[in-house]
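Two complexes are shown next, each including chain A; its partner changes from chain B in the first to chain C in the second.
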Partner chain A sequence: MLPPIFGVLFDGFAYGMLLFLLSVGQSVTLGMMNFINLAHCSFAMLGGYVTVLLVNRYGWPFFAALPIAFLAAALASVAFERTLYRRLYRASDLDQVLLTIGITFISVAAAAYIFTTAQQPLQLPAYLRGSLSFMGLDFAVYRLILIGIALAITALLVACLEYTRFGAKIRAAVDNERMARGLGIDVDRAFALTFALGSGLAGLGGALAIEIVGLDPSFAFTYLVYVLIVVSVGGLGSIGGSFAAAAVLGISDIAGKYYVPQLGAFLIYLVMVGLLMWRPAGLFGKR
Partner chain B sequence: MAEPLLSLRKVTAGYGEAVVLHDVSLEVPENGSLAVLGRNGVGKTTLLLTIMGFTHLRGGSLAWRGRDISRLPPHRRAAGGIGWVAQEREIFPSLSVEENLIVASRPGAWTLAMTYKLFPRLAERRRNMGHQLSGGEQQMLAIARALMTNPALMLLDEPFEGLAPVIVEELVAAIKTMLAGGSIAIVLVEQHTDIALELTSEAVVLERGAVAHRAASKDLQKDLPTLDRLVGLRVATST
Partner chain C sequence: MASAVATTASSPQAYLRSLARWKPIEIAFWLATLLPFALVPNYLSLASQIAIAGLFALSLDLILGYAGIVSLGHAAFFGIGAYTAGIISKYGWGEPISGLMASAALAGLVGWTTSFIIARFRHLALIMLTLGFGLLLAELANSMSWLTGGVDGLQGIHTWDLLGLFHFDLYGFTAYAYSLTVLFILFIVARRLINSPFGLALRGIRENWIRMPAIGAPSRAHIRAIYTIAAAMAGTAGALLAQTTETVSLDSLSFERSAELLVMLVLGGAGRLYGGLVGAIIFMVARDQFSGTTPQYWYFWIGVLLVAVVTLLPNGILGGLSNIAARWRKT
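So, the complex of A and B:
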C-alpha cells in the first residue's frame, strides 16, 4: 500500500510538467534572445481554443488535435515575430513589455468575443478519463500521458540543443552573436525558429491544460504569472532549470492545496521567494 | 577577367556617429595577400569589421568579385566566402573545440579532417570546451574555424599578438601551408611587421583611418625610414 503522499507527488508532478510545457519557450526567448514576450501565454491559449474547436465542434480525436494546436501557436508566433517583435529586439525592456502585454489584452478580449467568457468543456474519450490502480492508489491516465509527453519533449529538446548542429548554432549565437554572424550563421532565422518552437510547445501546453485547469479567456494572464515564476526560478535560457523549477513548483502547489488548504494557492509564491533568496539567478541560471 | 576578389572604393565608415575610416580604397586579387600595418588605434580592426559589414558604412562601396556587397548583412558576406579571424579570437566558450569548428563548416576542401591535419593540437583537444584553451590554442581554433567556412578570402586580425615565439612559428607555418594550397587570399593585420611582410605580397599602411602608404611587401621590408615613420620600429628589434 502506498501512502497518499505518492498521490499528491504524482498530481503535483503532472501539474509541474504542464507548467514546464507552458514555460520552456518563454525561458528560451528570454534567455537566448533577451526578448520579453509577455504574450507567451496568449499563444498557449490559442492552442487551447484550437483544440476545443477541433474536438468539440469538428469531432477530431484529441490526439490528432494536439499537433494542430502546436502548429497554430507556432505559426501565429512567427507572424507576430515577423511583423512586430522583430522591430523591438533592440528596443528597451519597457517597449517590449508594453507591446506584448498589449497583445495579451487583445487576445483576452478576442477570446471572450469569439468564445464567451465561459469555461470551455472538452469532451475527452472515456479511456482518457479513467485511472490505473497501483498498490492501492489511483493514477489518472490523462496525467500519466501528460507526464509521458512532457518527458519525451524534454529529452527531445535537450538532445536537439546539445547534440545537433542546429543546437550548436543556437548556443554559438547566444555566446557571441556577432561572431556567429561573422561565420555565416543566419542568427535571425535561428532565433525565429527557436521562438516558433517555444510558442508551439506553449500551444501544446495550452491544449493539454484544458483537462487539468480548464480554459477561459483569463488563461493568458493567469498562467503568465506561473510561467514567469518558473522561468525566474529555473534560470533564464535553461531547459533543465525550467524542468526542475516546474516540477518543484507544481508539486508544492498541489501539496500546499492538499495539506495546508488555508494557505491554498499562496504556497507557490513562498516557495518562489525561498528559492530565489537561495539562488538569485535561478536554480540553473548563469546570470 | 582580372576582376579583383575584393575591392573597396573610397570607403568611409565608423561606429554610430564616430567616423574612423576615411576614403579607404584597396583591392585584393584572387589568391592575393595584403598586409595591413599601422600603429595602435589607426583603424586596422575597423577596416576588417567594415569588410565583414559590422560597421556603419557612410560612404564609398565594397565589391566582391565585381558585385556590390555594401548592403549585404555579415552572415551573407561570410557565406559568400569571407572568413574572419577576430582580434580577440572570440571562441564560443560553451561549445567544444569540435563544435566550434562544426558550426562554421561549409562544403569545400577544408573538412574537419583537413583542419585537424593542419592543427594536430586541436584534434587532441577536440572534446575540450572553448574556454579551456590556452591563448595559442584559441588562436589556432579561431583560424581553423574560419577555414571551415572554406573562404576565398581570410581576414586575420593580429593573429600573433601576445603569443610565445614557438607558437608564432607554428602558426606562421600553418598559414604558409594554407596559402600554398593556392585557393585562398588573405588580408593580414599585424604588429609583427617583419612576419606580415614576409607572408604577403602587397602592403598598405594606415594612419588615422586613411591609407598613408602602399608598396609591394618586399620593397616595404627594405624601406626602413617609412616603416619607422608610420609603424614605429619593431622591425629593428625583432629577428
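So, the complex of A and C:
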C-alpha cells in the first residue's frame, strides 16, 4: 500500500507537465529575442477552443483533434508574428507588454463573444476516463497519458535542439543573438519557426488542459501567470529549467491546495517572488 | 569672463525655471475641470471617478513615464489605500481627510519597503516582481476575508461630512469637488518634483540608469524615493475612491486594474504630466459610453486601443499632438 502522498505527487506531476507544455515555447522565444509575449496563453486558449469545437460539435475523436489544435495555434501565432510582433523586436519592454496585453484582452473578449463565459465541457471517450489501480492507489488514465505525451515531447525537443542543425542555430541565437547574426544565421527566420513551434505546443497544452483545469475565457490570464512563473523561475531559453520549474510548481501547487487550502494561490506567488529575488535570472538561467 | 561664468551658472536654473512656468493652456485645462459643475451636473460622480483615475495614472507616470520602471502591479498601492480608508471608516472613524492621510502613509510605507527590492532589478525580472507583488497582495486580501470582506467587497463604509460642513451627496457634487482638489494639490506636487533637478535625474535614469551614478546621481536612491512617492499617491487615489463610493472590492487590487491603468497612461502619453489625466478622461468617458451596451466586451475595445496606440501612436495622444504642433510651427 502506498500512502496518499504519492497520489498528490502524481497529480502534481501531471499538472506540472501540463504547465511545461504551456510554457516551454515562451521560455525559448523569450531567451532568443527577449520578446515579452504576454499573449502566449491566448494561443493555448485557441488550441483548447479548437479542440472543444472539433470534439463536441463535429464528433472528432479526441486524439485526432490534438494535432489540429497544435496547427491552429501555430498558424495563428505566425500570422501575429508576421503582422504585429516583428515590428517590436527592438522596441522597449513597455511597448511589448502593452501590445501583447492588448492582444490578450482582445482574445478573451472574442472567446467570451463566441463561446460565452461558461466552462466548456469536453466529452472524452470512456477509455480515457477510467483509472488504473496500483498498490492501493488510483492513477487516472488521462493523467498517465498526459505525462507520457509531455515526456515524449520533452525528449523530442531536447533531441532536436541537441542533434540537428536547426537546433544548433537556435542554441546559438539564444546564447548570443548578435554573434549568431554575424555568423550568417538567419535569426529572424529561426525565431519565427521557434515561435510557431512554441505556440503550437501551447495550443496542444491548452487542448490537454481542458480535462484537468477546465476552459473558459479567463484561461488566457489565469495561466499566463503560471507560464511566467515557470519561465522566470526556470531561466530563459532552458528546456531543462522549464521542465524542472514546471514540475516543482505543479507539485507544490497541488500539494498546497491539498494540505493548506486556506492559503490558496498565495504560497505559489510567495515562492515565485522569493525565487526571483534570490536569482533574478532563474534557477537554471545563464543571464 | 565673469559674465560667461554667470550665464553658465545661471542657465541650468533658467532652464528649470522655463520648464516650471505655467503655460496658458495649462491654466485653461484646470479651469475647464470646473466646467462639469455647470455643464453636466448629472455626471459629477463620473467626473469624480475620472479625477481619481487621473491621480492614479499620474502616480504611475512618475515611475513609468519619468523613471522608466515598468510596473504591472501598481494597483497594489491603490488597493492598499482603498482598503485602509474603507477599514478605518468601517470601524468608526469616517473623517475623510485624516483617512486620506493614513491611507497615503500606509501605501507609502509599503511602497518604501518594496522599493528596496524594486530598485535592484530591471527588464523582465522587474516586470515579474511587480506582477508577483500585485498578485500576492490580491490573494492576501482574498484570503483575509474577515478583514476585507473577500469577494463580497468591504461593506459598511460611512464617510463623514467633509470638514464637518459638506455632505457627500447623491449627485457627487462634494465628491467631485473633493477629488478634484486633492488631484490638483498632488498634481502641483508632482509638477514641482518633475521640474526639479531630482526630476531631471529621474529622466536620466530612464535613459541610462547605469551611467547616472557616474555623474553623481545615485540611481537606486532616486528610484526608491520616486517609488515611495508614487505609492503614496496611488494610495491616496484608492482612498478617494473608497471614501466617495463607500465601497471597496477585490477588483481594486486586481491585475486588470493595473492593466487598465497602463492603457490610460499610454493612451494619453507616458512621460508627460498631462498624459495620465488626458488618458483617464478619454478612457473613463469611453468606458461609460461603451460598457453601457455590452459590459463584457469592453475589454475587447481596451485591447484594440492598446494595439492601436502601440503600433500607430507610440507617444500617446499628447505625443501625437505635440508632433503635429511641432510640424505646424516649422512650416
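The rule we apply is simple: the second predicted complex is superposed on the first by the 275 of 287 C-alpha atoms of A that agree within 3 Å, B and C clash if a C-alpha of one lies under 4 Å from a C-alpha of the other, contacts with A are read in each partner's own complex, and residues count from 1 in each chain.
One rule holds in what follows: contacts are C-beta pairs under 8 Å (C-beta built on N, C-alpha and C of every residue); 3 or more make two chains touch, one makes a residue touch a chain.
In this text, all values refer to a predicted model and were calculated from it rather than measured experimentally.
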item: Which of chain B and chain C A:V227 touches, first, second, both or neither; value: neither
item: First, second, both or neither for A:D93, with chain B first and chain C second; value: second
item: Touching partner for A:L84 - first (chain B), second (chain C), both, neither; value: second
item: First, second, both or neither for A:V187, with chain B first and chain C second; value: first
item: Which superposed partner A:Y269 touches (first chain B, second chain C, both, neither); value: second
item: Touching partner for A:R178 - first (chain B), second (chain C), both, neither; value: first
item: Which superposed partner A:A207 touches (first chain B, second chain C, both, neither); value: neither
item: Larger contact residue set on chain A - chain B or chain C; value: C
item: First, second, both or neither for A:A196, with chain B first and chain C second; value: neither
item: Doubly contacted chain A residues - partners chain C and chain B; value: none
item: In the complex, chain C residues that touch chain A; value: 64, 70, 72, 117, 121, 123-125, 127-129, 131-133, 135-136, 139-140, 142-143, 255, 259, 262-263, 266, 270, 296-300, 302-307, 309-311, 314
item: Contacting residues of chain B [partner chain A, same complex]; value: 52, 54, 73-76, 78-79, 84, 86, 90, 92-95, 99-100, 102-104, 106, 145-146, 149
item: For the chain A and chain C complex, residues of the former touching the latter; value: 30, 34, 36, 84, 87-88, 93-95, 97-99, 101-110, 112-113, 117, 221, 225, 228, 232, 236, 262-266, 269-270, 272-273, 276-277, 280-281
item: Chain A - residues contacting chain B, complex; value: 165, 168-169, 171-172, 174-176, 178-187
